[in-house]
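Labels A, B, C and D are assigned to the chains in the order they are written; within every chain, residues are numbered from 1.
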């Protein structure tokens, strides 16, 4: 096997599997399994007992997964010119892509000397690896459904952004009002506007933990008003998304209808 | 009455009543009453006083209902060849059906010797009997409405599954972030990621009991972000289901429209 | 003025005002004002200080409003034959109507001797008067909007009933599971299934007071599952109502469209 | 430059920028920055430490922003006849407009002598300045999306008002019932109907802080009923808004469709 053929074969293996390449499928499954196990290991390591008892196992798995991810990262850089055949600097283009940065973030910290000291930092690093799941997410049987959801959200993105801005505006407003009303009575619960914002978010999202709530008459009056407005505020993104799905459903039905041979109104044959 | 005629008669009685068979209707009502009473007895037995005072009555009812359900189960096995006339092994086919398994689960535990010892196990067993409610649910006058609901959910099943997966993904992500942020400050509330997941579910579903909540600045910032994302996450299944009902309503209206003889626009007769 | 003319005039006055009868409008406003003041007096009387200080005023208002409501009730019975001209026994028909029963419930308790003794009973009686608000609700400028809401809810009534039944089923199921899981650990929070039902309702409606919540691992697992199902359960009635409004909007737009003179498809003039 | 030309130039500058006037754009950005900084200063000043340490800076910013807003206000009065060229009294018309009143409210309190004494009053005054944000909100790239949201809400305004009235009605009803049931047992949590209304709002909006909740059997029964009704109550505005967006989406799609030259069914050219 020549250098060129080997490179093309490696590219085929690390590219998304199209269904008939067995090596590529096994590679995809291995990476996917490592990512999932990475998350599982974060969950398991959070149990004090397990972390101490199986420290060696966790470390071994860490070494192994970083090694595999590193090899994969290098292989992707190597074969970047096959991914972007028409680009001038294919390797730079790949290195600057979102996925490549995620890949780098997922392995880089391991090689920096000070990292291994701080467990918390390491955990964050592994979280980044979760983003890689998005890539393998594309496989599987629910591709169409996910695309519909993404399409609907993208189509109503500007409206959703505006409604979130509206939401933030109402929250800031509520937080300032509530700080003004409640701070003199319960300064520990509402020490400043930022702390008051925590209350506003808990209330407008209707989570309502109950750790912070107004006790003055004025505060309760405004809190009641804000809660009611909150229903409306939440109804807006829900409505936008519902309308988006409704429209997506209709247009997909219309597409199916377009194979009709006869006009539903006149009954004439459609040429 | 011959053996064959008797078997056909039994099959008629235990089959769903079509409106004019009185014995079948009485049988349906008896089974339904036993199921409802079974649930009522679980509720009543949970009251300490009642459980002790009427222990004999509860036990007698238990014996009676299991006896009836057992006879029904045997009768259904016996008449399985009338239910699946074209199947090769009608009895096996029936035994493997979802409803038959439910029926078996609802009576089997009673016959196992060690059961009577453990109250909690017995209660779980009775819970399984609740599944039988699904069968009689089909009766009643709201059949069409239930079918519409089931149809809508089935039609958008893949989208709902994807949005639930998205939901679970966000929850796991949130739980790991929150564990990292809050564990050092309140190790009793966030001892590990699984406990943190409890917080994530309470927050994203906007239930917000208030037994666990972040107190650090970083934790609150992420909790606020997660709550806001939660609105969107919940809006997605709501939107999907709303769009599904909207489409179901439209198509049922269109069906009614299709009996029209004249074009609604031109007024011409449709050939 | 003859007896017949006087009766007709009284009937005109107590009937719903059509816009040009001044006496009828004044009567409507008086009744409406009395009903609203009745509610306000319930609210004010709940303040301990006010109830004691203005006891005489509250009592005087009570006497006056009951007197007016009694006269109105008698007048409606008297003119019942004008309301139901074709009925055989118009007075009986009126007495048995929902509105007449509400009217009776609103004044009857005042005339019963034992009533004045129990404050709480009296309060309940005044609550009934709130139902009278429904009658005057018909007035006002938002008639069309209210009718649309009522129509939409009525059109999807069977589906809403089924989804509420589904909801109740899930609640009962959840309550029994949670009782089984939590009762041994926190018997005071989950003493029986009915108390457990309180938890189930608080959770599935996402209110989440936080007075009762699971603490065992099994309980939390099922609570998480139930919360997630709760999102779906709540999405169903929301979706049904949204679809109903969507359909109502479409059909009202179609009605407006029907004045079009030209077929939007063929461009032909519609005869 | 003549007086008239100077006036026209000033009017151009303070009017909304159309894209090619640089001075106007700078003015818009300055006002926007001052408004945003005004809000930021409210938030920062709420931190005790910062308020004391940077008291002079906060005061200087206050003086500067009020000065700018005052000059802007006077300039707008001066050029009112260019804004309303056909009005008889353009200045009065401007002074009575909503935006002018907001502008006045945002600066007036500063000039009243007694204001500087009371911190809390000052804070409220600055809150009013938030209303000015609405004006600059018009800028930005999301104009169309915001207009759609406003249109949808305006189109379903009467239905939303009715559903909010319904909501308030249910809340008052619930509050009176709950006061009647819970006051004798926990008089501190339910001292009067107004306090009980706080509970009703927290429950029906599903916020559920958990500071007030029923403990009697009757109270819990009604609370459960009210929570369930609450789902429906919240579903109504959500449904209305969702239907509104759905209709808005459809009509905007139809508009795009109306440029079609050929019947989508027959394929005939539309004359």
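Assume contacts are C-beta pairs under 8 Å (C-beta built on N, C-alpha and C of every residue); 3 or more make two chains touch, one makes a residue touch a chain.
From a predicted model like this one, the values you see are computed outputs, not experimental measurements.
A.B. asks: What is the chain whose Cα centre is as far as it gets from that of subunit C?
C.D. replies: It is A whose centre lies farthest from that of subunit C.
A.B. asks: Can you grab the rotation angle between subunit A and subunit D? Superpose on CA, round to the nearest 5°.
C.D. replies: 90
A.B. asks: Report same or different for the subunit B and subunit C interface, where same means the shared residue numbers exceed half of all residue numbers found there.
C.D. replies: different
A.B. asks: On a C-alpha centroid basis, what's the spacing between subunit B and subunit C, in Å?
C.D. replies: Distance between chain centres: 31 Å.
A.B. asks: Averaging over Cα atoms per chain, report the distance between subunit A and subunit C in Å.
C.D. replies: Distance between chain centres, rounded to whole Å: 44 Å.
A.B. asks: Provide the list of subunit A residues touching at least two other chains, using ranges where the numbers run on.
C.D. replies: 206-210, 234, 238-239, 242-244, 246, 250, 263, 265-266 - these are the residues of subunit A that touch more than one other chain.
A.B. asks: Contact residues on subunit D for subunit C in the complex?
C.D. replies: Residues in contact with subunit C: 158-159, 161-163, 165-166, 169, 172-173, 176-177, 179-180, 183-184, 191-194, 196, 203, 206-210, 213, 220, 224, 227-228, 230-232, 234-236, 238-240, 242-244, 246-247, 250, 263-266, 268, 270-271.
A.B. asks: If you look only at subunit B, which of its residues touch subunit D in the complex?
C.D. replies: Within the complex, subunit B contacts subunit D at residues 206, 208-210, 238-239, 242, 246.
A.B. asks: Help me check something: in the complex, which residues belonging to subunit C touch subunit D?
C.D. replies: The touching residues are 39, 42-43, 46-48, 120, 123-124, 127, 130, 133, 142, 144-146, 148-149, 152, 160, 164, 167, 197-198, 201-202, 205-211, 234, 237-238, 241-246, 248-250, 253, 265-267.
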